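Both complexes shown next keep chain A, but they swap its partner, so chain B is in the first and chain C is in the second.
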Partner chain A sequence: MKGKDLLLALEEAVFNRDSASLESLLAGFDGSDVGPSEAIRALAKGMDRVRGRLRDREISIPEFLLSIDVFRQGLRRIARDACEEEPGEDRETRTVVIGVVEGDTHDMGKNIVAAVLEASGYRVVDVGRDVPRDVFLSALKETKASILALSTMMSTPLENMREVIQWTRRLYPDVKILVGGAPLDERIAAALGADGYAESAVTAPEEASRLVGKTRRAAKAAPVPKAG
Partner chain B sequence: MNLFQIVQALRQGKIPPVREIPEPLVDAVAAAASLRGRWTPLSSVERVLAAFRHKEPDRVPVTPVLCSGARQITGISFPEFALDAEKAAEAYVAGFDLVGGDVLVLLLDLSVEAADFGQKILYPENSTPRPDHSDPCVKTVEDYGRIRPIDFSQARRMQEFVKLCRLVVKRVGLRGLVTGFVFGPLGVLSMMRGAEALFKDCVLYPAEVRKACETITGVLLEFVQAQAETGVPAIVIDTLYASRNGLSKELWEAIEGPFAREISRKIKENGLLVGVHNCGHDLYFDAQIRSMEPEVISFAHLPDDCVSERELKEKYGDSVTLIGSIPTPLLVQGTPREVMEACARQIEVFAKGGGYVLAPGCEYPPNIPLTNAFALVRAAEKYS
Partner chain C sequence: MMRLNSFRPAAPDRLRLFEKVVARLGYPSPSVLSEEVRLGIERAVDRALEQARVESVLRRATLVKVGGGMIEGQGIRIHSQRWARVAERAEKPAFIFAFVVTLGQRLDETVAALQRDSFFDAYLLDAAGSELAEESAGALEEFLASQAAAEGMEITARFSPGYCDWDLKEGQDALFRFLDTGSVGVRCNEAGMMTPLKTISGVVIAAPRLAVRVACSWCNQRECLHRRSNGLAETDKRV
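Up next is the complex of A and B:
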């Protein structure tokens, strides 16, 4: 299969969570017919359609997770066979550091959000679960990320989340902070000092875009410092 | 159960198993309580009984669902609360005496059953116990078949929970209604496998997951039986994954539904009331009712087939008693006045005709001050 047919088939494989089909489609893939970026965009399109089905309650979390697996399988395969690293555009402003704050190991929601952000074109650096403050801060320093996404499903680690936010504000004031999880709502997110709140994986990419948009607008609006 | 036995149970300070009392008699007592409640304050047991029989009591019954949050009162750590029934009982009773309420929901944490099945659990000083996800008990799909029934007499944490039930029932007596608690088999499995892997397995390997649920349920039935023998008048089954946060409705009914039904039957065989707790989004009231036929459902969010609280009350308010649903974020961040205002709104929607207990949608957040627990109890007194 080649060209547009291949792209469509890749999209369908993710949409139908068909791991075997994806594997056969990408067997021998070398990026010469369809470029790696195009192939990745097709996979992402499949994820976006699946996210729409989740939003419309046509599927539930387990099916969504299986589509994520196929999507990631495709990314790995393309990276391996076509030496593609990541989609290139706006990389620096589109890196997200994501993790579950210290004191909590529930990471399914975080994993889902990481995948949908990845499918939406962000470079996602997942630092895991039960993550101490300093690990987040190091990741922000190393990756020059523009968004920090924090998650918890419990109320007990909220103080840890507040602490990570405060330190991020202090050390990396340009980084936008997105939070999500069961004990949170918009108001708590704001009280903790976050810039945004994602109610679910369905809304996370839009909320992240809003924050990145904010960064860009702020950068454009900022006065250019005069030399000397 | 005849009148003599009922009186005998009451004289021992125990609530008799409601299902064993002839229904007309229960209704007559509830109606009498409802009538008397127009003029004089009722006891907690009368109040809850009236509400459960869909009669309006003197005021809305309330529970702050103060579980490990109560350890703040007696100054014990999370591990002490989780592992020492005596200390947990002391905290529960202290919470009940200090904050008040009509119902005590006994819950240590969600790792109790999984721990006894061999899952390694971490016990942090300042947070709820949790499974060590780096070392799950069920590492592969094949491991589902390797789960074996355990000797319940040696199940240390479940035995400790049974002891907690016994101690609190004895100490609270007829001052409040004390409920037991059991995590559904899928919940227990999620502690042993990790939720993400379990969810995918439910789609890809349903037979293997069902087999594991069957083994676990066998032990949970013993757990429920032991709780029933302590004198708790009701046991709550937590079926978290019967919601949009978990499986699809069809998949839940196919996998956990039959086992939830078995657990519910065991509770009912003992004459006890069945409660269901589910703090997921868009929970499946209809499927859970089909499966467990509960008297009570505790919820945090609207069911998938209702768009408003009013619709929930209209659709399900006559068939089950609703418990809830002050949101956790409000308890964490809201002022006592805001919590009371939210309570007033819920009382206005749900209280008419009985069948309602004011409560948080989930356990009272264990690390926040108890101020909003007081606000919740005060709201029930003020706005009913």
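Up next is the complex of A and C:
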């Protein structure tokens, strides 16, 4: 399969959470017919449609995660076989530093949000879990990220989150701060000083786009995959 | 004050655990599951049962004072207005059992490893682990009820730091000072978070006669998932 047919099939493989089909489509993929960035864009389109289905409650979270897994499988395959890294014209403005604040090691939600943001075209720098303030600040300095995404599943680390937010405001006032996690809602997020609140992985891309003042685009995925 | 033997519950029935996981994930019944999700949950349940190493540590403390928003046993204090009221209404509250029950580190490691290739499998195993931890704590609670019954006592529903008005950090500090949690490999960080992640800590109050088993009568959080009425669960979640 080649050209537009291949791109459509890649999109459908993600949409239908069809790992075997994706593997078959990308067997021998070298980027000579369809470019790596085009292929990744097709995968991201599939993810965008899947996100819509979850938002409309047509599928469940496990089914959504199956699509993310197929998307990541495709990213890895393309990155391994055809692409080292793709410079994007606005990549610097679309970098997100993401992590779980100090005191908490629950990181699955953060990892899923990171994958979804990546599928939505962001370059994601994942600094991990139980992350001290200074690690976040160093990552912002090194990456020149435009968004800092902070997460916790517990209420006790919220003070640590507030401190990271305050120091980010002081040192990197242009960085937009997005927060999410079980103890948070819009009101608490605002009280902590965050610019935005993402209720789930479904809403995270829109909220991130709102913060950086851009309309959402489905197809500008960074080609280097994250492995969990 | 005496140290009880630790308790190791029998593995729960596989089908029962499967149904609990299905409900935890928000499905109304197993019949609505797609084939891939059903198989994924079955795989997760099998993995959880295989990888969990359920261990617990228990300790009993004679009550020395109840009132003023506090339950004080020998070696442990619980600051909770609501649970103090439960104790105050009991007839001669006698002692508390404190406990920690854990599924062990291996399950956490497997969830973390699965995330590299499959969020789907990691998410389902995490859910199965959470439900297995609840089942294990439930079995422990039944064991404590039988221990208390042998002395002519009833016990309250179990309650944990971070629930109702028992502060998470303060409650965990009290429990971790009181219990030898190192013997089962459980640690608690500055924020009150326990590792391994699939660990439940808590206490029950024992008395010859209880007026109520839960503190929900004094709480206005009508939407609380753990809310119970007259000692019976309004939802299938435990306190």
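Please note the rule applied: the second predicted complex is superposed on the first by the 209 of 228 C-alpha atoms of A that agree within 3 Å, B and C clash if a C-alpha of one lies under 4 Å from a C-alpha of the other, contacts with A are read in each partner's own complex, and residues count from 1 in each chain.
The definition used in the following text is that a contact is a pair of C-beta atoms (placed from the backbone, for glycine too) under 8 Å apart; a residue touches a chain by one contact, two chains touch by 3 or more.
If you're wondering where the values come from, they're calculated on a predicted model, not measured in any experiment.
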Since both structures carry chain A, what do chain B and chain C do when superposed there: clash or fit? clash
Partner chain in contact with A:202 - chain B first, chain C second, else both or neither: neither
Which of the two partners, first being chain B and second being chain C, lies in contact with A:115: first, second, both, or neither? second
Pick one for A:183: touches chain B only (first), chain C only (second), both, or neither. first
Based on the superposed arrangement, let me know which partner A:156 touches: chain B (first), chain C (second), both, or neither? both
Using the superposition on chain A described above, determine whether A:8 touches chain B (first), chain C (second), both, or neither. neither
Is A:57 in contact with chain B, with chain C, with both, or with neither (first, second, both, neither)? first
I'd like to check the shared interface: which positions of chain A are touched by both chain B and chain C across the two complexes? 60-63, 65-66, 69, 103-106, 108, 111, 154-157
Residue numbers of chain B touching chain A in their complex, please. 124, 126-128, 130-131, 133, 195-196, 199-200, 202-204, 244-248, 251, 279, 282, 304, 327-329, 332-333, 365-368
What residues of chain A sit close enough to touch chain C in their complex? 17, 60-63, 65-66, 68-69, 72-73, 102-106, 108, 111-112, 115, 130, 154-157, 160, 227-228
Contacts from chain A onto chain B in the complex sit at residues 57, 59-63, 65-66, 69, 103-108, 111, 129, 154-159, 182-185, 187-188, 191
Please give the residue numbers of chain C that touch chain A in the complex, ascending. 25-27, 34, 36-37, 40-41, 111-112, 115-120, 122-124, 126, 162, 168-169, 189-193, 195, 197
